Structure formats: structure tokens, C-alpha cells
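Per-chain residue numbering starts at 1, and chain names A, B, C and D are given in the order in which the chains are listed.
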Amino acid sequence: MNKRQTIEEAIAKITSGSTIMVGGFGCPGTPFTLIDELLRQGQKDLTLIKNDANENSIGIAKLIDNFQVKKLITTHVGLNRKVIEMMNQGEIEIEFHPQGILAEKIRTAGAGSYGFLSDIGLDTEITDVEDIIEWQGKQLKIESAINADFALIHAAHADYYGNLIYRASAINFSPLMAMAAEHVIVETPNFVSPGELKPESVHTPCAFISSIVVLDKLSEQYDLLEHHFER
Amino acid sequence: MNKRQTIEEAIAKITSGSTIMVGGFGCPGTPFTLIDELLRQGQKDLTLIKNDANENSIGIAKLIDNFQVKKLITTHVGLNRKVIEMMNQGEIEIEFHPQGILAEKIRTAGAGSYGFLSDIGLDTEITDVEDIIEWQGKQLKIESAINADFALIHAAHADYYGNLIYRASAINFSPLMAMAAEHVIVETPNFVSPGELKPESVHTPCAFISSIVVLDKLSEQYDLLEHHFER
Amino acid sequence: MNVNRILKRAAQEIKPGQMINLGIGLPTMLIEHLPDDLDVLIQSENGILGSWKKTDRAHADPFLIDAGGSYVTTRPGSCFFDSSVSFAMIRRGKLDLTLIGAFEVDELGGLANWKIPGRFSPGIGGAMELAQKTKRVVVLCSHNDKHGNSKILRKCQLPLTASACVDRIITDKAVMDVTKKGLLLREISEDISLIELQTVTDAQLMVSKQLKRF
Amino acid sequence: MNVNRILKRAAQEIKPGQMINLGIGLPTMLIEHLPDDLDVLIQSENGILGSWKKTDRAHADPFLIDAGGSYVTTRPGSCFFDSSVSFAMIRRGKLDLTLIGAFEVDELGGLANWKIPGRFSPGIGGAMELAQKTKRVVVLCSHNDKHGNSKILRKCQLPLTASACVDRIITDKAVMDVTKKGLLLREISEDISLIELQTVTDAQLMVSKQLKRF
């Protein structure tokens, strides 16, 4: 059941035109090393699904800058003015969802379901009237599940089988995406033997994991962002 | 933000006719002490939602034997022949759901949604044709969320705020029910100070918890079932 | 019924590297026959991946049972999760193999194992989702009920758990694969002739050219 | 704009025992003004309950930011969870209070804070669910934009985040409650007269009999 692969092997499974979920809310949870390899290999026409677009020149912003991304499904790109400009210029298609609705759409796919009934945003412009049904006396919107071919995930710890533990605010979308995507590629700096993780503390059971890429160390991309302290 | 209450206070909030979710799959996770207090107080016409009916004379079987339960929403009662007989005699109404569908119906309520689209059991007798819709070219069943007035939960650890950690196979339905019910009453033998639980290892965030009942010790009901070793 | 013959044959279905769910009854008994170093992960739908054999009074943990209610051990690398994640795993088709019991099974791959109307309806449990969504579904059951009636039918009479879900049926008398053309007899018990087998089987059996004894 | 006046006034909205979400911008700044022993739990929608003040380079953890992107500390009794649980909490109405920014807000309680078509559309983030589902929604914003236009409107012109969701509006010039009859002016800044306030406000203001200065 060995899922360990080199980063080249793992990312080479991704073909141009793929839909890829990318974990992370801002930096925490963003799989910077896997993203860099995807940048190096250069697959194009990608649809990315991520909470945000990272900040300028960081994380998936690199893929967008390199014109590898045709569409981004996201909730908020306020920290990346360049992406907002590209959107305004029509250089990238951006689909916005309310954050919890995006999370739930991904989880719904991860649960093997096809959609859910929501009362969020029914009288706003994000709701197409064709998606509204009456159910048990209530007007509700059908929110479709969002699937993906791949998920790229950063985990604080992974064991031999691929059981994952995340840290602090780096949990965010990762457990949901790991459930939802067809192939799940994980990077981790801490690859441990079976039995080293507390079974109750595992966030993502190994059943959902396809490939494990072990990072010798975390590059400086994972360090504090110095400009966040400048003010 | 003190949620600690005596067991009498906590259970007294429950009125006859209430719908109550009860954690546990078999014994692990069953809140035996809260159930005993509900037996003592004697509220009637209850609708219970639990994976199973426990075994004869254990857990919620006591409430059923005492005619406090008019309806049980469940997945499997194979370990309780008496309840099967009562069902056959029409002494209790039992509504069966596939186990993962019941879990998902509860979680859907817990997520503040109203239903989900499923492809499970469409051509079986559990599916009413009126619940089938066509969505994006597929025949799917709308599974309604299941809400409840109360949830009774056993946690291995709870802190001052009501953050919960469960143990081993006692997790099962508890985190889902804690999200879904209006009032959530927790019993725990380990009540700890804020900061004693690892923040990443919390299964149920305190936001969902209403009352905490501290157990001085676990009664013998929580011990091994001797008859499981007799054969 | 020769339980050991079924279990011994069923053990051959399990391949290293698989994630497997074992239903209540016969399938769960199988686990006691597996070598301790077999690289498989047993999923128990009450929230365990890496569930393992039954344990004794001295080692049992009252908070750790499998879905059949037995006190079990777990293997290193196991994890625990809630019931929604457990069935997410199942409905997403992550399990390689489900071994499952049956009241009836038919030549179209239909399975009935949750309800005998008015008589015994223990409930659906995880069966419907496991049968419908696992990559490979193998039924373990006695070939005939205690009155001698065939459990292997042309068409299930009892309420279905899932239609067209079964890949293989292993009984005390035969190993049969569900194919588009019907049931293909692969293996036949040493204790019975082909003619006797068809006599006690309601479904029509096609016979494999490589028919084996087991 | 007198940011401190808004923050000082907004701090009074927070009561011990509450669970609170603070939106990006002004609301997040508020947290730095709260006493360290205040018994509240700050929810950050990226998956923290018990988030607390910003921290410095020496104490920051690169894996711990709040939803606004700042490195923060947490308080004892905090916990971390995934985004689906975070918004389950929000949509189930478990939060007592949301302080949130606005591009526009109207006398019907409508809020617009996510999109200026063709110009600045950063995205919805958590705003729609927070505005629609939190027990009490208090808007913090400047009373007028940099061109002097009123942000307090009879009816929002920008795409709505949520209709009829706002309970109170706190600006540098006024504190207004959304009532069934329209906006009720509760407090007015020391720097402005009632007539001047109505002049720079598009919405029609009713004046409380207990009007106070702040």
C-alpha cells in the first residue's frame, strides 16, 4: 500500500485541462512545493479551485501569472490585486461562491452526493432562478457538488498509509478537498510510521489519499511573510 | 460562558414530545447516565434518533421498554430482538434509513442546509417516487435534513467552553448530532480547563454545546459487556 | 452448512493492498482466518479504518467495537472518524471489496439482506451503500435456507438492498460470478455433483469451461 | 474618518459570553482594543474559535493566521476546524454577533459589501453567510465615501450581500438601528449637528427620543 512517490511522478499524473483543488486559506495549508512543480511541468488550461488566489507572486498566483489557469473557482481574491485586474481584463475567468457554500459544495462531492439545498443568497445576484425549487414549503436553492480530478494538499504529518494531520489554521479546505478529488496528492515534511499518529486525531483518513510526496525540509516559502509586519 | 449544569437541570429542559438525537453505535458513545436521568424524569412521547436501539435493557432500550418512546429513527436494531417484536406488534414506530444516509441527513441539518441529492437506494422500497428529481441529467433523490430539539452526547473529554474529544469507535454519530440539535447536552468523565485540549484534536467545537454534565466516575454500564465474551 | 469451506474460499478473495468492509455474520468471521502480516485495511463502518481481530476480556476496550459489536483490536496506522466520513469513504467508492451476507441473491446481481416483511426487519445498516458503491461485492451465504429453499434465485423476492450490485457469490456449495448473461458457475463443492447443484439452485447456472472443485 | 470613534463605540457592542465574528478591515482592528480578560470567543471563518490579537514576528506562527491574513494568537480553550464546520457554525446561527464592513447599507437593513461591478470585485468570502445568519449584525463603516457620497442609502445600488440583515450601523458620524419603520438615529457624533447629519445621509433618519452624543 506504498503511496510514496517523487514529486515529479506525482505531479506528472496531472494533464493539461485538469480540474485541481488546492488546499490553503492564504498561506497556511497552501502546498507551495507541489505548486512549484506544477509550474515547472507547465500543464495548461487548468481549472483551479481554491479559497483565494494567494497573494501576488505566491502559491497559485504563480500559475495564474504563467497563464496556466483558465478558470478559478474561489471565494475571495482581495489580497491579490493583480488577479482582480486580470479578471477585469478578461484574462482569467473567476467564479465566486460564498465561502461556506464553496466548502459545502466540495464536501458534498466528497460525501458522494450530488448537491444540497441551501437558503443562502437566494435574493442576490449569485442565484439563478432556475436553481430554486420549492421543497417542503420552502424556497431553496440547489447547490451542485463540485468535483475535481486532483487535489493538492499540504499536511503537517502523514503516515505510511496516508493518514493526515493538519496544523492550526492550515486545516481549512484540505480535508474536504481530500475527500472530493479523484486523485489526492499530499506533500508533508513529516512522514511517519504507522502507529505514530493518534488514531482519533487524524483529520483525513488514508482511504482518500493517492500519492505522498515527502519534503526534506520546508522551503522559505513556508516562513512568515515579512511584509505582513510592515506597517 | 459557564455551561456546566447538574444532570437534573440539564435533562429537565427536555419536554414530553421532544425529538432527541442520541449518540453512540452500540455501547461506545452511548450517554448512559443522561439516558438514566431521562428514564427517571419520565418524559413521554419522545422521538429518538440513534444508529441502533442498543441491546436489551441497555441504553435507550430502557426508555423504549418504559414506553417513553413513540418513534425511533434508526439504521439497524438487529441486536435488540425485543424492539423488533415491539415494532412487529405496532407498539413502536420505527423509521429505517441507510446508515450513511442517516448520518448525512443529520450532518446536513448540522450544516444549516435542508437536504441533499443522493443516488442511494433509488430503486428500492425506501424511496418514494415523489422524492426523485432530475438534476443535471441524473435521477436523484432529495434526502431531507433531520433536525432535533436535543442531542445527548457522551464525550471522553470536555473543556470549560464545551470543546469535545471522543475516543475510538465512540465518535460515530456524536459530532454530527452535536451540530444538528438545537440544545446539546454532553456528559463527560473528564472535565478540563481551557487550554488542556489540543486545539487541532477537538472533534466538536464548543459553539455547538449547550450544557455540560460532569460524571464523577463512569458507572459499570460503561464497562465491557460480559455476554459478548460468552461463546 | 460448511462454514469453514465458505470462509476458506472467501479468504482467497482478499488481495494485499486492499481496503475491505466485512459485513455482520459470516464475513466478519473471516477476519480471524487472515494472516497477521497481510497488508490490508479493514474498514468498519462505525468509524474505523484498520480494524482487526477480536480480542479477549483482558485486552478489550469498552469504547472500541466493530460494526458487528465485537471488541476488536486495531492495527498500527488505523484511524477513527465519524459516521459521515465513514460513509463518504464508502459512497465515494474508495473500498476495494465488500464481503456481505444475504437472505437472497439473484442472477442479475440483485441482493436482499435487510428485510423479511412482517417477520424480521433488523434494518438497513450500512448494507445499501456498501452494496451499491463498493468496487467489488462478494456475497457469502449458505446455498439453501434451513428448509432447503435456494437462496440463489432467478429474481429476489424480498425487498432489495441493491439491484445489479453483486460480482460473486460464494456458498457452501458453489462459487458463482454474476455476468451479463447470468450466473457463471466457477467452482463447485467437492460434496456435490453438477446435477445435484442445479437441483438445489433456483437460478439457472452456466458452467465455466475451467470449472474447479473447492 | 475618525476610525477611533467607530472602534471605541463598536467595542460597546460586545458583551461577555458572546461568540463573535469580525470582518476584514475596521471590525478586525477592534480586537486590539478589547481587554485581555474579556470572556468572549472570536470566530475566524478560516477555522478558529478563540482567535485573538495580532502578534509580532517573534511570536507569530506561519500556519496560524486569521481570516484577514494577520498572524494572530489564540486564547486557551481555542480550537481549529475545517471550513465546512466553520460555516456550519455560522449558518446554524451559533454566532451572537458579526461586526462587518460595508460599501453601502440601506434603511431596509440591506448590505452591499462584495462587488463594485467592473471596478472592484474581491469576492464574497464569508460575508453572505455571516450577514444572513448571525443573530445580530452590526455594520461598521465610514458614513460617506471619499467623494462625500452617503453610504447610508434608502436602497442599496450595488449587488446585495444580503437583504434585511443589518441590525445596527455604526459610522464616524452616527449610530443607527434598522427598524421596521426605517433607520432610527440613536447616537450622533459630537462633531456634527442633526441637520448636517441628515444632509450627508441619503436615507431618511428618525431620531430617537433618547438621542445621545458619542
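The rule is short, and it goes like this: a contact is a pair of C-beta atoms (placed from the backbone, for glycine too) under 8 Å apart; a residue touches a chain by one contact, two chains touch by 3 or more.
Since the model is a prediction, treat every value here as computed from it, not as a measurement.
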| query | Which chain's centre, taken as the mean of its Cα atoms, is farthest from the centre of subunit B? | reply | D
| request: Could you tell me the distance, in whole angstrom, between the mean C-alpha positions of subunit C and subunit D? | output: 57
| note | CA centroids of subunit B and subunit D: separation to the nearest Å works out as 37
| request: Starting from the mean Cα coordinates of subunit A and subunit B, work out the distance between those two points in Å. | output: 32
| What parts of subunit A, by residue number, touch at least two of the other chains? | 104, 111, 113, 119, 167-168, 171, 199-200, 203
| message | Counting only residues that touch at least two other chains, what does the list for subunit D look like? | response | 80-81, 84, 87-88, 90-91, 133
| query | Drawing the touching chains as a network, do you get a line, a ring, a star, a complete graph or other? | reply | other
| message | Let me make sure I understand the interfaces: which chain pairs count as touching? | response | A-B, A-C, A-D, B-C, B-D
| request: Going by the contact rule at the top, pick out the subunit B residues touching subunit A in the complex. | output: 104, 108, 111, 113-119, 133, 135-136, 138, 140, 142, 144-145, 165-168, 171, 198-201, 203
| field | Interfacial residue positions of subunit A with respect to subunit D in the complex | value | 25-29, 51-52, 74-79, 84, 87-88, 94, 96-104, 106-107, 119-121, 123-126, 156, 167-176, 203, 222-226, 228-229
| field | subunit D-facing residues of subunit B, complex | value | 1, 110-113, 159-161, 163, 179, 193-195, 197, 199-200, 202, 205-208
| Which residues of subunit D touch subunit A in their complex? | 24, 44-48, 56-57, 60-67, 69-71, 80-84, 86-88, 90-91, 114, 118-129, 132-133, 159-163
| Residue numbers on subunit D that touch subunit B, as the complex places them | 16-17, 19, 39, 41, 43, 49-50, 74-81, 84-85, 87-95, 133
